[in-house]
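There are two complexes below, and they share chain A, which is joined by chain B in the first and by chain C in the second.
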Partner chain A sequence: MEIKKAAVAGTMESSDVYVEIKPASDIAVQIESVVAQQFGEEIERVVRQVLEENGVKGAHVSLNDKGAVECVIRARVETAIRRGEGERDQ
Partner chain B sequence: MRRSMLFMPGNNPGMLLNADILGADAVILDLEDAVSPAEKDAARILVHNAIKTLKYKCEVCVRINSIDTTFWKEDLDEILPLAPDLIMPPKISTAQDVLVVDAYMTELEKKHGMEVGTVKLIPLIETALGVENAYAIASSCPRVAAMLLGGEDLTADLQCKRTKEGKEIFYSRSRMVVAARAAGVDCYDTPFTDVNDDEGLREDAAFAKALGFTGKSSISPRHVADINRIFSPTQADIEYAQEVMETIRVAKEQGKGVVSLRGKMIDAPIVTRARQVLEMAKAMGVLIDE
Partner chain C sequence: MQGDFLQETYEGGLKGVVRRRVEEFLSRQGLRYDKGIQYTVVLYDRQGEVAATGSLEKNVLKCIAVDEKWRGEGLTATVVSALLSQAFQQNRQHLFLFTKPRNKQMFLEFGFYEISRTEDILLMENKKDGIDSFVASLRRGQGSQGAVVANCNPFTLGHRYLIEQAAKACDTLHLFVLSEDASLFPADVRMELVKKGTAHLPNVLVHPTSDYLISSATFPTYFLKEEQIEKGAGGQLDLVVFGQHFAPALDIRCRFVGQEPFSPITALYNKQMQEILPRFGIQVVEIPRKEEGGAAISASRVRALLAEGKMDEVRALVPDTTWEFLQSPAGQDIARKAGESR
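Let's turn to the complex of A and B:
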């Protein structure tokens, strides 16, 4: 799956995560979270896993996490991926 | 056993996480009115992941978008493979509406190697035409397990004001109960929408129970405990039902044709009602099967 345009998903509300995805030639994940110190590595692992499951080879993903659990992170990253695979921005 | 059905917005992670701990017998994860058109995709992916991961202990129902939108098939594509207990299609007005949803669910169940009919339907009746066709809807296919009355959209369609007293939906409520019972399915009442009026909720729920509804839906977790209590048999109901069954047992032993209890003749409808009360009590765990 190719990320063709920038896309966002999620919200800044508690228990949610705001995800931004942009087209790129490599994978990069940036995480901002109040629990980054404890769970940053785990959050990044989940993001990279979802990218891989969806066959995304190139994307820059940034997350602003408000305490989302794994299934919410998965859902929001997946939504951003699906939104980013649409038509390229003109 | 399903007394309370609690609506939860499908795109709100905090609420989805807590859906299981609020005491409702079933949660209705909503992809329709609670979700803006721009977020339909996000909500169905979130609900998919929530059902897949959270393993809700209560029954799970998903309200999809209506069949006159472009969203409903995508909702089912995403949700049906996870085998929720129920799918709630809104604005069902005819038996044909149900059959359209049923046909697509059957197609998906076959595609995903599921037994056909695994996921049941609870059509949401919220149009005048839907009320008129309630029996045809309830008996349209074996997948229909229950119906739910949606009072807000219904009153808009009836072109009348929705009031707390609910006189304007009295006929529709009665019609729904008769249709559902005639078809042998459960029926659920519309939510009471004033979340701050606890006494109003109790009166509304007691009235619905008196009409014959199986239970009641809610948009507020605050209403769940009252709904569960009102739609459960009381200790006095259970004791009376046990007395009825014991009286019948003794009468049979003694070869009596007609018996009475507390000055009233015990006939077939009273025995049927006693059995229903005891079955409900067993389902609630307050009565152990002997």
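Let's turn to the complex of A and C:
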């Protein structure tokens, strides 16, 4: 799946995560999180896994996490990917 | 928690009853509903009262406020998230935010970083070191260095005179041409005409301003029509940004400006310049306007003449390079637009 345009998903409300995705030639993940110290690496692993599952080879993803659980992070990143490929909207 | 609030979004500026209610709400917080706002989010509580609001004007988040009694409920996060996703849908990725200086910490948590502040306004952007990396990307000069910031809408003999005078007074002159596309002549055309019109001056470096000088973010009232400008609305913040970020990085010690006989907002800006820039060790030099036919040459005069179709008179006020453009199909299109918007 190819990211064709910048897109966002999620919110910065408590227990949610705000995800921005931008087209790029490589993969980069940047995380701001209230729980970065305990879970930063875990969050990055989840994000990279979702990208891989969706066949995304190039994207810069940045997360502003307010303590979201894994399934929320997955859902938000997937939504951002869908929006970024620019076909099915929302 | 969020379920206790009803979220409504409004495209275009607010109108009627909702506008009055939001204006009232903001004024209680010491804020004004700015002219030029294009999108507003309002959260209502169960009684139907405004609990929180925020707005978007182009790429700037502003007029964000939460009712005292709902502080600590995370309503700002809801408002900011809604504004961010609207901005992204419009493909605006580089975003700015106005708030009161005391709210800095909260917006840091939403991924915004400080650019500059005055006593009562804090300007932030969603890129870490955004402004400093922009300034670092600009070509450096040498020796004694000065700057001119101008819209050049379009480039006239008046601009050329100002720049020639300024260029004589320093070793390198940095000439910033506004990047904001809010003028009759599009940004790329203005830039091109400036480059051609100053090509004979080897010590002039022409730069874009991105969103960082005289833009919707740093100086929103600059682009309003005269009758919309309220007293005191000025460019303090813009001047602080210049003094704090541009001048030290490029070693600019002097800012040249044309005397302003016409536009009240520019006249006010020049006056504020005299007050603020010296604090940053920058000298302000005002250069009298070049006259033609008994009146100062100005771009606004050129636009008015274009609108009236008085091309002979336009010819006397612009250099050959600008004149050539005005003769081209693209130039004639713009003249037609000027005529229609009269």
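As a convention for this text, the second predicted complex is superposed on the first by the 86 of 90 C-alpha atoms of A that agree within 3 Å, B and C clash if a C-alpha of one lies under 4 Å from a C-alpha of the other, contacts with A are read in each partner's own complex, and residues count from 1 in each chain.
Everything that follows uses one rule, which is that contacts are C-beta pairs under 8 Å (C-beta built on N, C-alpha and C of every residue); 3 or more make two chains touch, one makes a residue touch a chain.
Everything numeric in this text was worked out from a predicted model, so none of it was measured.
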| item | value |
| --- | --- |
| Combined model on chain A: chain C and chain B, fit or clash | fit |
| Touched partner set for A:V72, first chain B, second chain C, both or neither | first |
| Partner chain(s) touched by A:K5 [first = chain B, second = chain C, both, neither] | second |
| Chain B versus chain C as contact partner of A:Y18, first or second or both or neither | second |
| Once both complexes are placed on the shared chain, angle at chain A toward chain B and chain C, C-alpha, multiple of 10 degrees | 110 |
| Chain B versus chain C as contact partner of A:R82, first or second or both or neither | first |
| Minimal inter-chain CA distance - chain C and chain B, angstrom | 8 |
| Chain A positions touched by chain B in one structure and by chain C in the second | 10, 13-14 |
| Of chain B, residues touching chain A in the complex | 12-14, 17, 41-42, 45-46, 48-50, 52-54 |
| Partner chain A, residues of chain C touching it in the complex | 2, 74, 77-78, 80-82, 84-85, 88, 91, 93, 109-111 |
| Complex contacts: residues of chain A adjacent to chain B | 9-10, 13-16, 68-72, 74-76, 78-79, 82-83 |
| List of chain A residues in touch with chain C within their complex | 5-8, 10-14, 18, 20, 22, 32, 62, 64, 66 |
